[in-house]
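Please find one structure pasted underneath; my questions will follow.
Residue numbering begins at 1 within each chain, and the chains themselves are lettered A, B, C and D in the order written.
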Amino acid sequence: MTEEHDHSHGYISNKEAYLKRMRRIEGQARGLQKMIDEEKYCIDILTQVSAMTSALQSVALGLLEEHLNHCVAGALENGGAEADAKLNEATQAIARLVRS
Amino acid sequence: MTEEHDHSHGYISNKEAYLKRMRRIEGQARGLQKMIDEEKYCIDILTQVSAMTSALQSVALGLLEEHLNHCVAGALENGGAEADAKLNEATQAIARLVRS
Amino acid sequence: MTEEHDHSHGYISNKEAYLKRMRRIEGQARGLQKMIDEEKYCIDILTQVSAMTSALQSVALGLLEEHLNHCVAGALENGGAEADAKLNEATQAIARLVRS
Amino acid sequence: MTEEHDHSHGYISNKEAYLKRMRRIEGQARGLQKMIDEEKYCIDILTQVSAMTSALQSVALGLLEEHLNHCVAGALENGGAEADAKLNEATQAIARLVRS
């Protein structure tokens, strides 16, 4: 993580909504521990994992849209090598999401 | 969730290891809240989301293998409609994992 | 690919249906070449890629179910190291599908 | 497909390279038909499906980067409702890729 990444970036338009979604996902992680501890039926556990994964990807896609809208849009306005770098960085992050 | 699913199924060979992995995933969910709250750089947040998704899918794949090894293998030994139903149910769960 | 893999395995219950689906997927690959050659709108191309990916995964899930039903079920009946190996091999293949 | 989508968009910087990749993917689709027809070992078929899916996603990610770089960057420069619409459209396409 470079120095650039150390300060607040101010790109998240509705921070409280994202925090609420992440708290719900944290709750799903705790719920899964309970299901595993009680050895609930495996298929029901897998269904919960799929729901949790979808919720997590949905948060990621929302943050990505904000990032494209603010950071990448700003860099594209200025153009040049900085714009290419931001775009490439965003595409790499999308590739990781697609493959994970 | 049917009545069948309400008792312990005893198919998880190393429950403590799965619980430990889920506690780490819960910790990742809390770490992401902190990153969002501090508006860390979006790409770093997305990298964490990808890591958390991979960890979650890895837990799912482990549980699925145990399920195939115990519940499905047992049903296949007996054969008939019960075996087909178990196999179809497992395939549906795999499809949800592939698509989530 | 081991010698074991060189002969016909006879596990596909409806081969003609799978061939038909794969020919349709091949047609989608040709359609995408036409769209790219004519520089159709990128989003429309991406929508076609998503449809083609889903069709391909659906074929994979069908074949996987047949494999579990025939090859893996057979190995599980016999039990022992062979059963463990088949199950592990299937789980690895599922993991590749989930991650691709 | 709107009228807007009917003409060439000129955003693909290296069309021949994409066409070559799509021809290779078409070849993979034909190879899979041969494997299914000869009932090759299921796991080997699934490995090929995973490779083909990855190749297809890689094409999609490349085209997406070009789209962001040209169409979306252009709209963002102009700003306003058009920029928001383009960004939202791109995010929807990314979501379909992530989920397919």
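Keep this in mind: contacts are C-beta pairs under 8 Å (C-beta built on N, C-alpha and C of every residue); 3 or more make two chains touch, one makes a residue touch a chain.
Values in this document were obtained by computation on a predicted structure and should not be read as measured data.
Colleague: Can you check which chain pair, B-D or C-D, has more C-beta pairs in contact?
Modeller: Here the pair linked by more C-beta pairs in contact is C-D.
Colleague: Taking mean CA positions as centres, which chain lies farthest from subunit A?
Modeller: C
Colleague: Could you tell me the distance, in whole angstrom, between the mean C-alpha positions of subunit B and subunit D?
Modeller: Here subunit B and subunit D have centroids separated by 29 Å.
Colleague: What whole-Å value do you get for the distance between subunit C and subunit D if each is reduced to the mean of its CA atoms?
Modeller: Here subunit C and subunit D have centroids separated by 19 Å.
Colleague: At least two partner chains per residue is the criterion; list those residues in subunit A.
Modeller: Where subunit A meets two or more other chains at a single residue, that happens at 54, 57, 60, 64, 90, 97, 99-100.
Colleague: Could you please specify the touching residues of subunit D with respect to subunit B in the complex?
Modeller: Residue positions touching the partner: 99-100.
Colleague: If we count contacts the way the header does, which residues on subunit B are in touch with subunit C in the complex?
Modeller: Touch list, subunit B to subunit C: 54, 57, 60-61, 64-65, 68-69, 72-73, 76-77, 83-84, 87-88, 90-91, 94-95, 97-99.
Colleague: What residues of subunit D sit close enough to touch subunit C in their complex?
Modeller: Those in contact with subunit C are residues 1, 4-5, 8-12, 15, 18-19, 22-23, 25-26, 29-30, 32-33, 36-47, 49-54, 56-57, 59-60, 63-64, 66-67, 71, 89-90, 93, 96-97, 100.
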